[in-house]
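Remarks on the structure that follows.
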Amino acid sequence: MRFIENFYDGARVSDVYLVKTKNAALTKNGKEYLNVILQDRTGQVDAKVWEPNSPGISDFDVLDYVYVEGNVTVYNGSNQLSIQRLRVAKEGSYDPKNYLPVSSRPAEEMEASLSQLIKSVKNPYLSRLLNIIFMEDADFHKKFMLHSAAKSVHHGYVGGLAEHTLSVAGICDDFARRYPDLHRDLLVTAALCHDIGKVRELTAFPRNDYSDEGQLIGHIVIGYQRITEVAGSIEGFPPTLAAELGHCILAHHGELEFGSPKKPALMEAMALSFADNVDAKLETMREALDAADKNGKSTEGDGWIGFNRLIDSNMRRTSSES
Amino acid sequence: MRFIENFYDGARVSDVYLVKTKNAALTKNGKEYLNVILQDRTGQVDAKVWEPNSPGISDFDVLDYVYVEGNVTVYNGSNQLSIQRLRVAKEGSYDPKNYLPVSSRPAEEMEASLSQLIKSVKNPYLSRLLNIIFMEDADFHKKFMLHSAAKSVHHGYVGGLAEHTLSVAGICDDFARRYPDLHRDLLVTAALCHDIGKVRELTAFPRNDYSDEGQLIGHIVIGYQRITEVAGSIEGFPPTLAAELGHCILAHHGELEFGSPKKPALMEAMALSFADNVDAKLETMREALDAADKNGKSTEGDGWIGFNRLIDSNMRRTSSES
Amino acid sequence: MRFIENFYDGARVSDVYLVKTKNAALTKNGKEYLNVILQDRTGQVDAKVWEPNSPGISDFDVLDYVYVEGNVTVYNGSNQLSIQRLRVAKEGSYDPKNYLPVSSRPAEEMEASLSQLIKSVKNPYLSRLLNIIFMEDADFHKKFMLHSAAKSVHHGYVGGLAEHTLSVAGICDDFARRYPDLHRDLLVTAALCHDIGKVRELTAFPRNDYSDEGQLIGHIVIGYQRITEVAGSIEGFPPTLAAELGHCILAHHGELEFGSPKKPALMEAMALSFADNVDAKLETMREALDAADKNGKSTEGDGWIGFNRLIDSNMRRTSSES
Amino acid sequence: MRFIENFYDGARVSDVYLVKTKNAALTKNGKEYLNVILQDRTGQVDAKVWEPNSPGISDFDVLDYVYVEGNVTVYNGSNQLSIQRLRVAKEGSYDPKNYLPVSSRPAEEMEASLSQLIKSVKNPYLSRLLNIIFMEDADFHKKFMLHSAAKSVHHGYVGGLAEHTLSVAGICDDFARRYPDLHRDLLVTAALCHDIGKVRELTAFPRNDYSDEGQLIGHIVIGYQRITEVAGSIEGFPPTLAAELGHCILAHHGELEFGSPKKPALMEAMALSFADNVDAKLETMREALDAADKNGKSTEGDGWIGFNRLIDSNMRRTSSES
Amino acid sequence: MRFIENFYDGARVSDVYLVKTKNAALTKNGKEYLNVILQDRTGQVDAKVWEPNSPGISDFDVLDYVYVEGNVTVYNGSNQLSIQRLRVAKEGSYDPKNYLPVSSRPAEEMEASLSQLIKSVKNPYLSRLLNIIFMEDADFHKKFMLHSAAKSVHHGYVGGLAEHTLSVAGICDDFARRYPDLHRDLLVTAALCHDIGKVRELTAFPRNDYSDEGQLIGHIVIGYQRITEVAGSIEGFPPTLAAELGHCILAHHGELEFGSPKKPALMEAMALSFADNVDAKLETMREALDAADKNGKSTEGDGWIGFNRLIDSNMRRTSSES
Amino acid sequence: MRFIENFYDGARVSDVYLVKTKNAALTKNGKEYLNVILQDRTGQVDAKVWEPNSPGISDFDVLDYVYVEGNVTVYNGSNQLSIQRLRVAKEGSYDPKNYLPVSSRPAEEMEASLSQLIKSVKNPYLSRLLNIIFMEDADFHKKFMLHSAAKSVHHGYVGGLAEHTLSVAGICDDFARRYPDLHRDLLVTAALCHDIGKVRELTAFPRNDYSDEGQLIGHIVIGYQRITEVAGSIEGFPPTLAAELGHCILAHHGELEFGSPKKPALMEAMALSFADNVDAKLETMREALDAADKNGKSTEGDGWIGFNRLIDSNMRRTSSES
């Protein structure tokens, strides 16, 4: 297919793209037309349907995959696609992976890693809880494996939530080996569950935006509520253990001003908040450096790629001397 | 009875007091004795049981009401009670109100006020929710009416939680009259429920200290969880309404750094956070000024009673000129 | 008349508008022309006078109401008006309300409400002070009723200052009923006077911008100075009462970092700072939600209207379920 | 006279001291006695009048200078004076300088320096204003020369306000020489007036505590009000100049959170805020180092004298190597 | 020469300019061309080389001085230069001062002032250190005299570092006269050395951007390292004196959050941090007011020139009344 | 030996203790005596030498180990030792481990671990640098292995610096395995060197207090200076690598306000700052929980051991349910 990053002035387009937004508007003469943004995994393009009522234009909606025919022109320095024909594409006639950013870690490997971590938890109550949440709820399982970990910032791609979760759980596993005072089963369980609320906080790809519940309640409390509910359904689950697990979820942002209603008061909660933070920061730097490599920012001049708001610093890739 | 504030050097005591703390210790000669703190609503006194194994001293525990006989002496400038006889007092042989600070608002009046506010809510779902929480759960109802609103700070007395809740709900009612855009039923329901988590966050009087759940989870999330649970049990309860009510509870501290995991995003949540704050601040000032009147600090010198950490200012009572 | 929001490419205009700015400039060929911004209550438009010295163009100034004839063209995606004829409009030939945003509360109702609140103050000194400031100074009275409460943010329209002041005084009145320790007369007087300095801090409509005095001194100190001056002119005015009223004015922003040189140290000052803040925040939300309704932002998508800097949160209108 | 720092166990005292506080109390047997704190410039001592109604004890008040006879004993490690005889001392029978900390700069020198700075201001309006405030108001002049610049912190001694003011004005004079864009007359006038409100914010020695007006209004606004009033009384005083001078006073703390209702917006206001701050900080360090020399803290160990809250650091005297 | 601020539509250009940036790009038809930004001391202009391989276009690089011939057109409202001929200019065929902003203080005068300050330091070790750093290292000396004090903000011109350094040293000299406790030689030495690290933190003009070392280490630590190294090379240099001088360099930003790893703990360090700050702030204001005069912002309207981020306030020039 | 925690009223003492402080004082009768604090690893005790000039009392100094004979009495509720005989103890007549808190990790194991980590670094320059610093400088090596990591807070015992350093390096090793973008050799080298400045910032045990250099310069810059010096002495050491290593040291506190003059701009610097922080926080919690176990605070009541300033929260040990 012709990816959007390869569009040029005068190109003829006939391919399937994802509809990101769609708005009706009026020309100065009062004629209706449509403003559309199309997307694939290489970028987005402004498109216009000047004759929305012509027979070649079928009905379509935001987030539909549509087959379009049209011409590229350049307007105000940017590409613009004039659409002459458009119809909703049949499932199977396109590969969704071409339209969304995807984790570089293979899905099967992440499945295996998740399964292994869950099996490694020996405490019967925590083991049961993990199985109910991740394995017996097929709908959740599927969503969890495909979800993004964030709207933007870091891990903002298909599979990002699983990748981030496994990474945090792995770091927690390392911490547990180094600090024998840490209760490994509690810590690993909390790590696996810490962001499950994001499945409801953010809508799934391709929309990937905050849900109403996400904005009103937030993934921290949503996740806490889910683990409390599941713990309550398991016979004999010790209430203190449930409260400790709940505390780890609530405190995982580490500071009140980052949205945690409690500061870490248990060693496991403290360890989890560090694991979450270190993965977020290192992945943010990695993604920013990779992006700079791609767009050439890191090779022009002196290698410094500019100020990053999350890292709160300019940064560059480490030299190859070490 | 002889209240603790009236103890003096040489006084003979034979009355019932509340045991606040009890610790075994050794004299320099290695003999065991007991350090005890006794309390009534006028204050506390150090007491010693020098012969804990004598026949006159029965077994007792912290927070028991005990009948004691002994003598007051002065040690290092403070009263100290030497206990010769001690036994646990029978319920009925003392009036609990003599041992704890109590709201000045009569309980019946608060009952009536609560009942009237609940009746004023016309939305059927919210009305049902309030009835389940406050009226049909007799155990909760009783605890709610007797609970303190805080460990210290403001409303720290029997009935304080109910008094604070009613005051906040009343202010919200006023706001709803002045701002027609506010949904009154949602706002008043949120006001009545905003601190229900405190019944589990703080243990009941006379202990009145943070519970394990209170420290790990906190009253904001406990309260949110309770209203979510009840809303879920009511058939047809609109999920959006449940989320909006939940948001008001979560956001009622107004700022992340005060422990709310969400900032107010709805007008009702904003109004509630102000009502909660204004009642807390004005009551803090009122209690501080009253305490200063009692201990004479407000009349000696110029009337300024000193720096108050919560108000973050020195303060004084307004003159009677206005 | 043809409102600016209805201008379109090719439209012919012949109507009265308000001159917001006017600057002389040179074309590339060195010919002088005028850059003008015209305004009515629906918006603003760039306009050019290409032949400022032609007989059809009279002399005019910023903030004049001018009758213009010209054509609308589109330049860089925005409307632009080419003015061929222009003269200053005669008073009476236009209705000023068409050119400025106006409070939705009728002026007479606000007059009545102000008068009633002033009459309700029984303390003779405070009553006298309010009458001198609001009733006997006709010039101030007129300005106060027409002034905006802010340059932008909230209550930024004709009558906004009066509307905000009355709202704050009303909330204070409610507070005084609920908290008997509050001195109602002092509190209501302070509420009515708290923003009088804005009449000098902001210039009147249509300019509505910070005055030199406003930037150097600020409305808090200007208002304080005015009430001190008036109190000093009233025989027998108790100095302590004057200082207490002054303190309420100085402390009404509640925190030093919001520009109050003193934190509230009296209960009335505390209550006033809350009343001011709650009205500002709820009105900000109301105006933002109304604006979003108007420009369609609240109906497209999920109803969330975007991040608001003053509220420091995204927000949406509460659902109609409650 | 025998200074308080020279009291010892068993010493016999018969001299004049200043009464700092006086409170009636009851012994355990219910007998009235007086708790008194006496002061001279070397320190304070607890004193008791066990027989307040004996013929040798006359009536006296806080801040009286009293002649006392009594014995020193040591109680809980501190000296205590048992007073047997006490009468109010006649003016002239003692030298007030022995009872209060005093500036090390001679009063005449400060007078001369003030007078010279005032004469150096050539702008007729500013010159007139300075003369009215400092020279023609004899009562203010006397108070200003004797006042402390602070309750504690820095320059907390008789003459401290004048010493600090002259120092700040001198630094401003230096700045004006180095930065020709600064208007010297405005800057020096603002420097001389910047703390005049302290004469009303703090009561005079020996009490030296915040006045009611000081707590409610504060020296910044009090000083601003005074210069505005005086400027208003001078015919032809340019209003813009008055506002600029007022702004310098209001902004002299440099930041809103330090109690200035405006941040410096003029170069002179910026320069003044630095001059005020540098004098405060260097004098704080100097006084702390001198005090450490006196009490031996700077010579024991390594010369570091401990954490100072205002400087927000530990500190030591610079070595004599440089 | 024709300065860039005098370019106009249709102008013919044939002069020498400085190349600020140079990037190759493709036209829509895939033909290579060059985007170039040219600069002189009056501003910058976009330029295009449409035929980079034509014989009239020689090879050139960023920061070369180039002789160009071409035409000015207006594109999107801005001037654009189409370059037909271009060659690197020979040194001597242009005056570098025409291409860079330059300090208004003559270089010779700054040389004399530096030399005099160094001579005024009597302590033999400090004197030796200053001579090694400033006088015996000719390469450093030259760079120091030409360097900018900042990338933007204040003193961002040729000679700015020397001008700022001399100004700070002068203020410190004034402070030493007013505060006899200050060790003048240490203070003046620290002032002269406080920003020497900037010679390595910022690359020289015309690039004037952060170096790799500047971003990784920063001028504070670079400068500290240099003075430590030099002190270590001087026989008998007292280690305590070296540490004190080092401390002054490290602490000269005054606060940890401004990048100083230590807060001022010596009086000289405190004085230096104030001198640095006062010069930075007053110069920032001066430059902003001058710029506003130039671009007319200070005369249109009311003289207020807009919010300045460093000053954190709007500002205006003081009136000429004082 | 009789440890100080086992002293009791009337006990007779004849053993060796460490002298922590020693001060001469005068009794009320003007007789000289000595105030001494003695220490062993179980605590400290006040001691008095009432007859410092008696033949049984030899000359001694702070931090000497002294053999004393005397009696314990109780004064103001605390033990006090009256010393009758005292002489400096011979080395070998006591075991230093009885007088200081010591790491629970065996020294040999830490030696082995350090040696292994250094060997694991393959980059020749970094390997050389580590060998020079840790292995070839025997004096430093010995100090490093015995030093404390802090004056108080965490790892405040003999061997604490080595234990903390190895722990941080181990975590960094784990990070390097999980994040392939990290340069392991640079990261591990930085981890091993990050706190070497503490050997000079804090004096060795038993004094263990801030040195003059520590207070003026701080361990971050001291350590940076040392690695720069060593790198400079190694032929061919790449300057960029030296700057990157230096940056990691400078940025290891993560935030300017924690004393780092640079924020992490390289991935290794970011990873190191997290490793340092996680070890500090988990060790702080572990030490606090252990201390609470020892003094019984964690078993009385509900297990919550009280607010910890560094953790900024109350805390408790996790239950054994998990």
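For clarity, chains are labelled A, B, C, D, E and F in written order, and residue numbers in each chain start from 1.
Definition applied: a residue touches a chain if its C-beta (ideal position, glycine included) is under 8 Å from a C-beta of that chain, and two chains touch if they have at least 3 such contacts.
Not measured: the values here are computed from a predicted model.
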item	value
Mutual neighbours - chains that touch subunit D and subunit F alike	B, E
Steps in the shortest chain-to-chain touch route ending at subunit F and beginning at subunit A	1
Most remote chain, CA-based centroid, reference being subunit B	E
Subunit A and subunit E: spacing of chain centres that average the CA atoms, whole Å	44
Multi-partner residues of subunit B (at least 2 other chains)	212, 215, 240, 244, 265-266, 314, 316
All pairs of touching chains, each written as two labels joined by a dash	A-B, A-C, A-E, A-F, B-C, B-D, B-F, C-D, C-E, D-E, D-F, E-F
Contact footprint of subunit C on subunit D as seen in their complex	212-213, 215-218, 220-221, 224-225, 228, 240, 243-244, 246-247, 250, 256-262, 265-266
Interface residues, subunit E side, partner subunit D - complex	123, 125-126, 167, 170-171, 174-175, 178-179, 181-183, 185-186, 189, 238, 240-241, 244-245, 263-268, 270-271, 274, 277-278, 281-282, 285-286, 289, 311-316, 318-319, 321-322
Subunit E residues within the subunit C interface of the complex	8-10, 74, 300, 302-304, 314, 316
Subunit B partner contacts - residues on subunit D that touch it in the complex	23, 28-29, 210-212, 215
